[in-house]
Amino acid sequence: MKLPRFLKRIKSRHIFSIVAAAGLANASAEPLKIAYSDWPGWVAWEIAINKGWFEEEGVDVEFLWFDYVASMDAYVAGQVDAVCMTNGDALVTGATGKPSVGIIINDFSNGNDMIVAAPGHSKIEDLKGKKVGVEEGFVCHLLLLHGLEKAGLSSEDVTLVNTPTDETAQVLESGAVDAIGAWQPNSGQALKAVDGSTAVFTSADAPGIIYDLLYVDAESLSKYPEEWAKVVKVWYRVVDYLKDEANMDEALEILSGRVEVEPEEYEPFFEGTYILTLEEALERWEEGDGLDSVYGSSKIVDGFNVKYEVYESPLEIEKYLDPSYTKALVE
Amino acid sequence: MKTLELPDYKEQSKEVAARFAALRERPVEMAVCGLSKIFGSGEKEVQALRDINFDVYRREFMCVLGASGCGKSTLIRILAGLEYPTEGEVFVEGNPVEGPGPDRGMVFQSYTLFPWLTVKRNVMFGLQMTGSDVTSASAEARQWIELVGLSKFEDSYPHQLSGGMKQRVAIARALANRPKILLMDEPFGALDAQTRCQMQSYLLQIWRNVNITVLFFTHALDEAVYLADRCLVLKPSPGEVGEMIEVPVPRERSTDQFLSPEFLATKQRLEELIHPKSEQGDEKLPMLRLTQVGDDVE
Amino acid sequence: MARKRRNGQPWFSIRRELSPSRQTVLTAISFLLPLAIWCVVSYVPFIWHPDIKLQVGAGGATVYTAGDYVGKDFFPTVVEQVREENREVMAERAVGESPPGSTRENKKILRRIAGVAVQNKALGDDEREDDAKIYEIWKGLATGELVFKRPRLNEENMAIVKANWETLASYSPTYDAAKFPSEPLLKLLPQGRPANPVYLPAPGEVLQAGIREWTREPAEGKSTMGEKLLQSLQTVFGGFLLAAIFAIPLGILAGTYDFFGKLVEPFVDFFRYMPAPAFSTLLVAVLGAHNAPKLALVFLGTFPHLLLMITKTSRLLDPALLEASQTLGAHQRNMLFRVVVPGIWPNVYNDLRIALGWAWTWLVIAELIGVKTGLTEVIDTQGDRRNFDQVFPVIILIGIIGFFTDQILSWLRRFLFPWNAEAEGGQGLIERGLRGFGRWIEPAMEAHRKKPRTKLDHENVRAS
């Protein structure tokens, strides 16, 4: 792509992405580009960026900040080498755009993803025959379906209104729908925006239904395996840091700084995210059928997606997951 | 009613007759041969001009006269090269006209000064177009501006000038290129009566002092008689040569001559040609009385 | 004797211009009136104010922090939830159980006083997480050494302060991280004042937020507001300049030569109806996620309209000027560069001014595609988080920049096109301001130039 010279200059002067300079030898001339978005488990990368741990590890990465959906678009368009997504969205992105391989399980959603209902609905059964605003095909759609099935209902029992996640709070407030599906901060905004609204179903009711991972383009992974291994190593430094309660204030400061809100405002979001330690992550990497395995969770999600025609036929879950990078850390 | 006894407009004093004899001896500056112009085609076809022939002699001042809609503008545009004739040809000093060119300077009724250029730059425009460098063009332009008496305004922009001044700049601009013929398309039509009168005498002065042939298009009879050696009268629809009149008023002209018998006689003849009697009768407006008017007032 | 008309002309007169001083007065009012309405709605307590803006936050099912808004009717429910939690703590204490708790939870409970403390200037804005200082504040309040006045804590909360201090003092009279209690403390009850909905912050809040955001040091790696403004300006002016660079020559050619007109115009006319944002995903895929697709979007939104406008503008040039130049010996190239271009330039300049306005309207959409940047990042992020007091200053700033850019460009016209001065009446604010200034210094100038005015030619120079 040839750009006029002055355009190139503007491009090279951007200050909004953080380029961690390579230490010594780097196999790739270009930095590894990772798209991340506003989810506490992913904003946590900010700690490593801030503290210069990538430089210390000698890996050249560039983190690019997006809206969640835009980050997946950027990955599909080939603008980045890796993207932070949920295990469910990785399957959808793979089936409809570009497959990827998950190498790090950052966390599982432990309450941040919610179905928030307007006053007068106290449990998910109350939504029967009502309108629910969710971004179709994405993680909260899945959460809703799971919640409905648990309550003995099906997707037929509610009317879906396709709503961008960042507008769910306003949509609920307008009264156009009876409930919405969103994750923090949008779910919390919806709760605050509509007095008396309640979360009728959250990811805490089905821990493991939503895992958050780092998904890498298979080509980049096979080209630069050492570099990605270093990225995994850096992540577990972040986890160790976060697990020490004494670091909490500093961590919140860094995380909330990224999204420019007060730390106090950010803390509740963080609490709805269960960051997995290395040991916990290894357990989740074990193959199994339940929600406590990332394989089981993905299989369940795959089933949902096929059943509700998000895509046509089941995917090979194993191709989307590669535990070897995490396992290598304990060997 | 008593009317003035006017002489025949064809009667010329000895002096005037000698002038015209001399004029006819001069070389032909512009020859117009069999010009026709048809606009449109098929049913919408309109013939604007038909078989126009005339010669203009060197240093002659000729007026082309006609009622509005008789094809005056079409004719001048063809002479300038801005329009192509359907038939016939125009020659300037024996060379056929192929398009607009600096040998025929033109002054438009709407001034057409370049509003973004100062007076001097306007006058320099043509000189620069025909290859003069800035210094010589500037010096040359100054002379012409002086000739039209606007030296004080050489750095003004057109919007700061009055209509008469604008037209003087336009004349200077056209003359600066040293054209062989100056084509003037109702140049004073937009001016008030007093300014118009001044401009006419200015123009005569300029014509006397500059080696130029003038072809002046107008619909004003006084103006034509006052300015012209000969008047070419166009008949309307389609435009045809009505008559070529040799104006019997002696040079040098002055406004005092407006009431001389030869002036009035020529004007009367022009009047007859342009507004035939029969037509005038047809154009009487109906007069309705809408209010009571006392007889004593009438 | 004719009656002296003191006011010259009436205020209402069809299509008559008012005197400059009256125009200035009305211009001032046109800005002050909306501001006044905004102030009245915000500061007169009995007008509207359907919500409570919290000064002390609340935990519970939904975490309300200080500054959040709760409906007036719902507020008691929120308070009651916290009361209930406190009652549970009290009940457990009464039976002598040592209920589970954590020091971190307790620190958070104590920190909840920070908002009020900052407003009372007992705590610095950057000390909200300074546990030692907060410990001292609780002590001061409980012992009466410290009194909060604006806002004050209500009696129920003062009782909680005293009860909590009793617990704290039993561990340590001064802050000691090692001796910090883990048994659950009581929570302060939510407290607040009437407020309009979060969508309409008061002018004072907007001003404060604006000053705060523009003066604070950003988190590491993040850009300051100034840098964000610069990014936005780059996007607007970059996209606009690109559009201008392509539209001006192409538009002039299309308006001058029928060949280019017929070649370019029909497609552009079609293309301009396609909404530029529809191309955003495509642009990111082709141009990457940084500035290039944003510039391209501004370009796509601006270019087709600008091109068509310049084409039309070029056609408006008086054809007689072209004919005049031909009779003066000009040929194609000179007609284009010496007549068409200078002749339409002031109108092209106006077209560009209008197009710059469009570029600003595309900015917000452009900055959202790919990596969010510039002022829009603030609008979008803080809007999502309902911090509208931070959104307003940015929106107002964009308005001010756009407005003044246009005014300055309008004012520059008279220097760029002195020959075209009459075309523009000079109604711009800045222009009027400068003229006002001119009137003010006129007497002084007059004293200096004693020279009488020279009489011009008998055909007087038209007043310009």
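Note that the chains are named A, B and C in the order they appear, and that numbering of residues resets to 1 at the start of each chain.
Just so it is clear, a residue touches a chain if its C-beta (ideal position, glycine included) is under 8 Å from a C-beta of that chain, and two chains touch if they have at least 3 such contacts.
The model shown is predicted, which means the values in this text are computed figures rather than measured ones.
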Going by CA means, which chain is nearest the middle of everything shown? C
Going by C-alpha centroids, which chain is farthest from subunit A? Tell me that one. B
Whole-Å separation of chain centres (CA-atom averages), subunit A against subunit B: 85
Whole-Å gap separating subunit A and subunit C, where each centre is the average of the chain's CA atoms: 32
Counting only Cα atoms for the centres, state how far subunit B is from subunit C in Å. 63
The answer for subunit C against subunit A in the complex is residues 57, 61-66, 68-71, 73-74, 77, 104, 108, 111, 128-129, 218-223, 227, 231, 234, 238, 242, 281, 284-292, 295, 368-373, 377-378, 380-382, 384-387
Please give the residue numbers of subunit C that touch subunit B in the complex, ascending. 318, 320-321, 323-331, 334, 338-339, 342-343, 345, 417-422, 456-457, 459-462, 464
Subunit B - residues contacting subunit C, complex: 80-82, 99-102, 104-106, 108, 110, 112, 114-117, 125-126, 129-130, 152-153, 156-162, 164-165, 173-174, 177, 183, 195
Subunit C partner, complex, touching residues on subunit A are 1, 3, 6-7, 10-11, 14-18, 35, 49-50, 64-67, 70, 73-74, 77-80, 166, 169, 185-186, 188-189, 191-193, 195-196, 198-199, 245, 248-249, 253-254, 257-265, 267-268
